[in-house]
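Pasting the structures in now, so scroll down.
The following pair of complexes shares a single chain, chain A, combined with chain B in the former and chain C in the latter.
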Partner chain A sequence: MAEVSPLGNPPLPPPRLERGIVGWVRANLFATRFSGALTVASTLVFGAAAIFGINWMLFNADWSVIATLGGQMVIGQYNTEAACPGQNCFWRPQASLLMVTGILGMAWGVAGGGLPKRIGIGVAVVLAAFALLPYSFERMGMDVRLLLAANIPALGIGWAVARYTPLGTSPRIALSAVVVFAVTLLLLRGIPGIPGLQPVSVLNWGGLTLNLLLAVGGIAFSFPIGIALALGRRSHLPVVKLLCVVFIEVFRGVPLITLLFMSQVLVPLAFPENFPQNSLFRAAIIITLFSSAYMAENIRGGLQALHPGQAEAARALGLPSWQTTLLISLPQAIRNVIPAIVGQFIALFKDTSLVYIIGMLDVVEISRAFIQGNPEYLVSTKELFLFLGLVFWVFTYGMSYVSRRVEENMGVGRR
Partner chain B sequence: MEAQETKNGAEDIIICRDVHKWYGSFHALRGITTTIGRAQVVVVFGPSGSGKSTFIRTINRLEEHQRGQIIVDGIELTNDVRNIDAIRRDVGMVFQSFNLFPHLTVMDNITLAPMKVRKMPRDEARQIALDLLERVGITEQSDKYPPQLSGGQQQRVAIARALAMQPNIMLFDEPTSALDPEMIKEVLEVMKELASSGMTMVVVSHEMGFAREVADRMMMFDQGSIVEDGSPEQIFEDPQNDRTKLFLSQIL
Partner chain C sequence: MKLPNLTYKGVPVWRHAQVLQWTAQIVSGILVVVLVTWFFANIANAIHDRNIPFGFGFLSREYQTPIGWHLLPYESSDTFLYAFLVAVTNTLFVSLVGVVLATLLGTFIGVARLSGNWIVSKVALVYIEFFRNVPLLVQLFFWFYIVLALPPVREGYVLVDRLYLNNAGLSIPWLAVSSAGSALVWIGLVIAAIVAGLLVHRWLVLREIRIGSAPDPLLVGAATFFVIGAVGWIVIAFSSGTAPFTISIPSPQGAFGRISDGFTMSGGLMALMIGLVMYTASFIAEIVRAGIQSVSRGQIEAARALGLSNARTLRQVTLPQAMKVIIPPLISQFLNLTKNSSLAGAIGFSDLTNVAKTMTQTAPAVSIFLLIMAAYLAMSLTYSLIGNLYNRRINVGRR
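After this line comes the complex of A and B, so read on.
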């Protein structure tokens, strides 16, 4: 007998879903005659596509072009004799990679598990697995493999540093990440006069490294610039507001490819004549500014959506307006527009391949150039570009995955 | 009337002289002249759009008045930002829609302003917050986020948040209008306790039971003016103005 409440109506358990597989199929796939027809038709179309696609991938496709390109996809012309005469420069990007893994380890150490742990272990294991690629030792030396395998201990060292040294706080890790980014640039560029670190022209930087550098730099700088522009556009000071509106509308209104072209002519005018600069520097500035304009509008959207009572309550408590913005408005606004912000980050990452227009060999361009220079691989273009698509997708899906987890942790939609 | 005489005079904490406010061409406040004494509890009522919310929002300058003079606790409200910040530190406000910060825990909601504005050390601010949460009857919820609380609990947290700044004056802008009936009582209980502790309170509310029991004075607003001002007994038993009579007959 069920427990009877004093009021007479005992609480009932929720109805059980007694549908099973057949019930589910009927409810979701064949609910009406029309939806049944759609189910059959789409199954035929997608099934045929899948069969042909898998058949081609497994039996007809020739994936050897990817192995032939190999490391060039990662670093472009960086380690060629022309770029780095008389020495092996491959260790430099790899050392940067080790530092990045170390940072991930630190994040894991501070978080104690969860998402940072999964990302850290995932990245380190994948990188270490590259050490086992079936290349000959002539093509991929033992030193290269050891440095790749070292990503696993690097992760552990980062974890230990965060756990047992005062570096183990979130702001210090963020600062370390900035330092790592700067050291990476320095390491890749080289320092004149130091043996083993001879300068490599940025014109020889390329491959996925170039895409990632531009994306990371662009994201890191466009986010704060975007926030500043969004706040400026809402400012009560007419001049500040006007400048921000003009900036945003100009950079949003011109195609990135045009801006990149113009950058080669216009950016030099903004600096003293003997200021050291190069095409990579110019491209990075343009990509960052372009992205900031979009970022500003995303964040402004988040600010507009806030209930005016939030800022009122903060002001009524005596918080000055800058603290109201920093502590009350911005955190809520940014949290609400994470999907749009991450969308912009993803767009920025994909747009980095447009630097081919100013002669830089990013991962897409170096692949295209390879095919052009080696006509015997023309037949493998399909395979190569499918693979490139997959590479971009892995990174962008990773960003999307992280953003969803971050949203969950912040309780977006729940509170 | 006796209460007014003892509490007014040198002890006037809010002084308004011919205060006018326009929204565009709409004349929202039409020459408000009144003084509120220290420790007085004033209930402001009147039909919607009568300017009562606008009036209390001018007291901490959430709304700017365009003519006249407002002096709060000896400081005149002008465009001088330092004056405004000083007054806001001294005047707590509770809103109809609570306006708790949803991204901060209950504890952080309360300690934020004391720590940032009064530069209070963290431990002290937390201790004050815990005492206030006990005072408003919410214990063991300090690590929750506002949307996880009921409306009545949120409004009591909002009162605690305002009190954490140790204000001399508390403004309440329809504090119970967004609440379910059974939650109105718990908020009013907190406000009664606050009134009996000697806090100066200006309350926009149509809770006439609360007004009758707690208020020293009531003000009826209509079309941007104070049309009647007197003790609860006088307002309820012998209203002088026809509009007051009409309004009271509609809501009682």
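After this line comes the complex of A and C, so read on.
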């Protein structure tokens, strides 16, 4: 039915100046005199800055330092003669990467498209593109290139496995991801006595691989520990509550770098002399505990915001208290604080750069050490750290993008 | 065989909630106590068997190590205790200045993010998304090398003959105490002026509520403060012959052109300040944006309908309501900034963690850790206390 105004005439279209590009410019750039002045001023300032920046990036900056560091940024000192004597160990992290791509392929296969598909294809294509880097064959062998290019078939294999085998359900993929993480650790560490898998000390792990491993491990463990701490802090049992409060407040009150430093000097004393331990393992535990203290506070926020009627209704329906917590309170609480939780994941990933304090060569520290050891590259430091910033940004922004999509899919704010 | 029927208040003990809860509590309590005792026993054994030094006697010994940058006067012959205090002051200085600058920048960017102007809003968005998502350590290294790339002292930049910028840092004009007595008296007067200004403001607000009209409380309160401060300054200057403070202007000295006088921020401090402020401002901007957006439009429309001006709407309607949402996360950002300043060691600034780390080479590490933990916990508990007091105040009239 056509719209009819009370007078019987069809309604007039909106004025020309409120529609189209002209209308958009008027509304968003020149709405008021002040806004117009802001537009002119900011165009001049940021335009000049953008021209300067692009000019510098294309013509003045010397990006060769990044090519020189190359694979060291990814795996640190892992493939050096000292860490991996008499053999090429580069294939081990690459094999782990193939497994990760395979998992992404499985996720795509189960979801049948959408976000997993886009992420999987993006990751596989970017990795395969690395195979075409213009290095000489002495620096980047054919084996390395082929293993990188194999990420695209790995994606496909993962997809097919999810489609045509019983592995293709979400819980089984989650289980496979855990298995892949464990296999990755085993592969990087090596198994004594097996040729080609000679042990590599964890202290030689490094580069972005180390940051990612610490982040994945930290996220996987700090989430359940954080939930337990949050529930403990809200518990009405005084002893449990006290323990959780003390733990959370101590870990939140002291900087991570101080805790890491302490883990190097004080924690070894707290165990008997022959207790098996190493500095990376201690650091990983400290990072996880630190993160779980923050995670606990985020989840507690979500639990507090929950209407008490939810739990009361569950109890009225006869659910025991553990089911009320696990099936009613926690899912809603976590859904409400997804941005805060993902923010904590991002913070944890950023914090992995602090392992320099225990002498590990993560991607930031190996870059800094390289500059320090090669003063001729001192002038390229800003290019190097700008690049590092971008590398971290790609991962962290990716995480916040995924979290926003997950929130949309869960219908946060609509239900 | 039938199990003996143990009951508590008529319910079998293994199903009675109270019994189970108390058992769980006692067991977990004992477990934790045993674990902690085991750790401490091991540490005590290590101290004893491996001859690891412990104790606080070192605090009165001479530290004998230079501290790169210090706010308080410091000599290598000063004691460990005083050196520790110097380091704490450095961290507090970075924390306080950083908090003020980050709040200003963050508020500005948060408001820019909400601007109706598309360009301004998008530039603020890019700023937030970039600085928030890159590790602070990477940012600090970036700024540090930018500062290192500045020209050496003799060829450094000189701005308006007053500001000296070079790879040794930034020197700015600063207040110099001419006589300690009159400076203290004037500072006392300024504190009194702040109290008087607040009282006048409060009195005028109450008066406005009672009789419906009054001079602008904020304006009159601020005027009270400035008048008392200025009159005090003049009276002290005339009665003692010197002004309480003079302005010390930096100037190059000697053959190497070292900058003396004024106030010099070292290169490390400068990089730390820029990095911390820009990083924290990106978080504060999001907090400010969320706070302002949390005030419903109806509130502002109602204020306009009552005839309040734009400025008064912002000050008396929008901000007080937005503050409730802004302040708690803002304070936790202040705390984060303080804790993040411990990254200073990576770029060679002597903050608390960095100095303490150096101290462990000549003093018992275990004791020093206890001191750092105590110092940081004291700082964070102070911030939490302020936050909790504020929360309690604003939640009194909660609807």
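Things worth noting here:
What we mean here is this: the second predicted complex is superposed on the first by the 387 of 415 C-alpha atoms of A that agree within 3 Å, B and C clash if a C-alpha of one lies under 4 Å from a C-alpha of the other, contacts with A are read in each partner's own complex, and residues count from 1 in each chain.
By our rule, a contact is a pair of C-beta atoms (placed from the backbone, for glycine too) under 8 Å apart; a residue touches a chain by one contact, two chains touch by 3 or more.
From a predicted model like this one, the values you see are computed outputs, not experimental measurements.
With both complexes placed on chain A, chain A has more residues touched by C than by the other of chain B and chain C. Applying the stated contact rule after C-alpha superposition, one finds that A:46 touches chain C and leaves chain B untouched. Look at A:335: by the touch rule set out above, it reaches chain B but stays clear of chain C. In the superposed model, A:229 makes contact with neither chain B nor chain C. Using the contact criterion defined above for the overlaid structures, shared-chain residue A:35 touches chain C, although it does not reach chain B. Once chain A of one complex is fitted onto chain A of the other, the partner contacts of A:310 are limited to chain B, with no touch recorded for chain C.
Applying the stated contact rule after C-alpha superposition, one finds that A:257 touches chain C and leaves chain B untouched.
Once the two complexes are laid over each other on the shared chain, residue contacts for A:271 go to chain C alone; chain B is not touched. In the superposed model, A:348 makes contact with neither chain B nor chain C. No residue of chain A lies at the contact with chain B in one complex and also at the contact with chain C in the other.
Chain B contributes residues 60, 62, 85, 88-89, 91-93, 95, 97, 99-103, 112-113, 116-117, 145-148, 158, 161-162, 165 to its touches with chain A in the complex.
The touching residues of chain A, when paired with chain B in their complex, are 307, 309-310, 312-320, 323, 327-328, 331-332, 335, 410-411, 414-415. Here chain C touches chain A in the complex through residues 21, 24-26, 28-29, 32, 39-40, 42-43, 46-47, 50, 52, 115-120, 123, 129-130, 133-139, 141-142, 145-146, 148-149, 339-340, 342-343, 345-346, 353, 357, 360, 365-366, 369, 372-373, 376-377, 380-381, going by the rule given at the top. Interface residues of chain A facing chain C in the complex, by the touch rule stated above, are 28-29, 31-32, 35, 38-39, 42-43, 46, 237-240, 243, 250, 252-258, 261-262, 265-266, 269-273, 346, 350-351, 353-354, 356, 364, 368, 378-379, 381-382, 385-386, 388-389, 392-393, 396-397, 400.
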